[in-house]
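Naming follows writing order (A, B, C and D), and every chain is counted from residue 1.
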Amino acid sequence: MNDNIGRGKWALILGGSSGLGLATAIKLARSGYSIVVVHRDRKTDMPAIEARFQSIRDEGVQFFNFNADAVNSQSRKDIIDQISQLPGPDGKVSVLIHSIAKGHLKPMVSDKTATLDVSDLQLTINAMALSLYDWTKDLYSKNLFSKDTRIVSFTSEGNTKALPYYAAVSAAKVALEAITRSIALEFALKGIRANCVQAGVTDTASFNMIPNSDKIKEAAIRRNPNRRLTEPMDVANVVYLLCREEARWITGTIIKADGGESLL
Amino acid sequence: MNDNIGRGKWALILGGSSGLGLATAIKLARSGYSIVVVHRDRKTDMPAIEARFQSIRDEGVQFFNFNADAVNSQSRKDIIDQISQLPGPDGKVSVLIHSIAKGHLKPMVSDKTATLDVSDLQLTINAMALSLYDWTKDLYSKNLFSKDTRIVSFTSEGNTKALPYYAAVSAAKVALEAITRSIALEFALKGIRANCVQAGVTDTASFNMIPNSDKIKEAAIRRNPNRRLTEPMDVANVVYLLCREEARWITGTIIKADGGESLL
Amino acid sequence: MNDNIGRGKWALILGGSSGLGLATAIKLARSGYSIVVVHRDRKTDMPAIEARFQSIRDEGVQFFNFNADAVNSQSRKDIIDQISQLPGPDGKVSVLIHSIAKGHLKPMVSDKTATLDVSDLQLTINAMALSLYDWTKDLYSKNLFSKDTRIVSFTSEGNTKALPYYAAVSAAKVALEAITRSIALEFALKGIRANCVQAGVTDTASFNMIPNSDKIKEAAIRRNPNRRLTEPMDVANVVYLLCREEARWITGTIIKADGGESLL
Amino acid sequence: MNDNIGRGKWALILGGSSGLGLATAIKLARSGYSIVVVHRDRKTDMPAIEARFQSIRDEGVQFFNFNADAVNSQSRKDIIDQISQLPGPDGKVSVLIHSIAKGHLKPMVSDKTATLDVSDLQLTINAMALSLYDWTKDLYSKNLFSKDTRIVSFTSEGNTKALPYYAAVSAAKVALEAITRSIALEFALKGIRANCVQAGVTDTASFNMIPNSDKIKEAAIRRNPNRRLTEPMDVANVVYLLCREEARWITGTIIKADGGESLL
């Protein structure tokens, strides 16, 4: 069902070459959005990634990608300069997706392995939370948001739970949510709606970097009332819903897309 | 935009002659759903209500209404008997909306007015919360739910806040949410998704029964980052999103449709 | 450490012959409170219970017990009549503890066993939630609360989680919490503070009635960061803290006493 | 009531020369704790502060203070070196209080005033959240915590609300809470309990730096069910409760000390 809600609109996806970001890019392209992806990948991985990007172009929409570090200030400024001349009815960003997963997974206490220090927390919070504000602020100050803009970022059950190795990511996720609430409040009259989607355990490259990820996935399948893991497209579908006209009264919230996993 | 996601499907709306229930009926009819409304209205109000129902029929969908007390067991059984023979591809209920607002608004302490007692709490909880389970259980046991069913009910900020006069409704709303979580868990593998939508302050007949509703509405407009009250269609739009295919991984949650009102 | 914070004060404990209620009675007696326990036990169990009650008397405080159904209106009225003549400086109730665990544990869906119906929900909500309001209202209207009164009741992680068999208790717990918030609000200027304590998995008679309670207990020990179950005295200790002068600014809250169990 | 629960124990208070930190120092000294305060004050303010410190000494406990920046790494290391030789039965820290309020209060959007940027967020999060982990980690690695240690820090309703000017503090507060949950989990078996106390609106120097703080205080008095602001000693009292033996099963939680203010 290609419903074309995105025709003539642009979605900018930070972290769009894999996982939740890529699934979102595909789903939005199927709905007619032209897509800009910022991603950070090695040259050796690019052939596989190019194939995914081609599948986005195959939806008949415009597509650009920037292989650059979305957390780096200069890269951000360069990219924003370039996308200030997007083609189209208004050439503005209607959807901003933040899917940057870059952080440190270390225990606070351990005799065996390196433990978390504050620089790990800083790096993780910068990448996974504060960068959302940097992009929002710069795009806004350059007048690059459309009159009706949706910002969506991704959180996890680490927002209320403490998990071994996950302290830095937990702190980053709650900071991301707080920033989202402030954006929702302070940019409301500028036409911006900002929300987080809380995915269940999803079999992505980032997730698999967590120690014991296999055991966590097994436990998640047993725990999930629907007896399966969350798939990237489950989450992308919810992002899509938040981009629709009917979602314009939803802002500053956290929406769970987990098949009920967090219920038990 | 009539996207016809509801073509060949039925939505059963408890409390569908005004407010959030009516707006939902209209929105779903515009999307192709055939509609059954259960409502409780006086004869003298029916001409005005018939006009609203006609606007639903005018969307080109099938429509039935039952003027009966949805909280009464015998009425429920009678209605379920009658809708066990709905026309259509499967003749089943794909969407169940619970919009029953019937409760007591009394203070716990007062020298001037009657105070809340436990029978008020019971009546309010029965009507606004437990009736959702009665309908769900009976429809399920009669095999009247479709393979992919969405249940949506309405909650409010009274789920975390205490407001004067609102004790019984607060208790009912949190009970409704808990029952929704249990339905989401226990009926997951039966194809049912159950969620609550938390509306901001909305100018409906039920809301206006709260003492000082005018002041509450004024305060809500000042407080809302979007500087207006929630409108019934804002909420109906979110129900619509929850009925879409893309929402099938959302279950057991509470989704705020308040324009950010609860942020401050 | 008998610190005598309760000297000259009375604590009324609903459900005080076992579990959290009994542990609270013992802890408060050790701190000098005189104790009234309402409990519901069979004659054959009374010798064992009398021994526990004797240990309360042995703390050197006054003690009365009523073997009656605290949920029954007539019993409540009779008991309140009798405690309207408590000895002591003011003869009033300074602490009201609600530890009534009486409910139905049934699944919503099952081919094998009886399923939950609305009357089960009603009975459970009446006993585990609404009875708190009945006692509060009647004691207040008879002017039996002291000028500084603490009301404490018990909730569980079922307030946010859905567990098989636990739907009715979940609904009751959230209703109890909502009623507690309303009491905290509406009775604030009458000198009443009302809070809930959320215990971790505790090895009590009520807990052991949950199907698969053994497995749940094993899982709780593994999950708890402190690697043991919650003990009744862990929870009673927190109730004691809420009765101290220093807790008078805590009201309308839920305090977890679970050794961190709900963190993961 | 000097109950001497702190006799022979040390409390280390970061930010202890005013507000919540100072009130906590006084309350704990009254309970027999010896006190180390780290504070950051101008020379001109020291006479007034010295008088407060004298009132702590007057409780008959040992007292040291360090006028240094608790957020600075070198200062932290220097102070920890010095307190590694505290007198007393074990010379260890039994209570660590984090009361560092140092952040930027700026709007995200404004035509009139400087707006928040990411470096403001970083500074605020570092000072108000990450520094808790730095102190915890260093004290732990130097074996300076006692076998039963309580860590308490201060949060606010900004943890769920978005307020103008408050975005950086909100992000810091939720990060602080997440770090507290991780400390509670990961240090549980080392004998550490970590909690946050959520104060209502309190008339402190830090609070008065928020734009429109007068209006916020007026609104808080009207809103609070107890019709007054939170006082520093209300909050210090709750910290005291968390230091008692009876609180040892409370960890990883947020406890509201607001007189019910957040209920409406």
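Note that in this section a contact is a pair of C-beta atoms (placed from the backbone, for glycine too) under 8 Å apart; a residue touches a chain by one contact, two chains touch by 3 or more.
Not measured: the values here are computed from a predicted model.
Engineer: Please give the intersection of the contact partners of chain C with those of chain D.
Structural biologist: A chain counts here if it touches both chain C and chain D, which gives A, B.
Engineer: Among the chains, which one keeps its Cα centre farthest from the Cα centre of chain B?
Structural biologist: Centroid comparison gives D as the farthest chain from chain B.
Engineer: Approximately how many whole Å separate the CA-defined centres of chain A and chain C?
Structural biologist: Taking the average C-alpha coordinate of chain A and of chain C, the gap between them is 44 Å.
Engineer: If you average the Cα atoms of chain B and of chain C to get two centres, how far apart are those centres in Å?
Structural biologist: 34
Engineer: Residues of chain B that contact two or more other chains, please.
Structural biologist: Those would be 161-163, 181, 184-186, 252, 260, 263-264.
Engineer: In their shared complex, at which residues does chain B touch chain A?
Structural biologist: Residues 1, 3, 181, 184-186, 188-189, 200, 225-227, 230, 234-235, 237-238, 240-241, 244-253, 255-260, 262-264.
Engineer: Tell me, which parts of chain C touch chain B in their complex?
Structural biologist: Answer in residue numbers: 107-109, 115-118, 121-122, 125-126, 129-131, 133-134, 137, 140, 158-159, 161-164, 166-167, 170-171, 173-175, 177-179, 181-187, 190, 252.
Engineer: Report the residues of chain D in contact with chain B in the complex, numbered from low to high.
Structural biologist: It is residues 161-163, 260, 263-264 of chain D that touch chain B.
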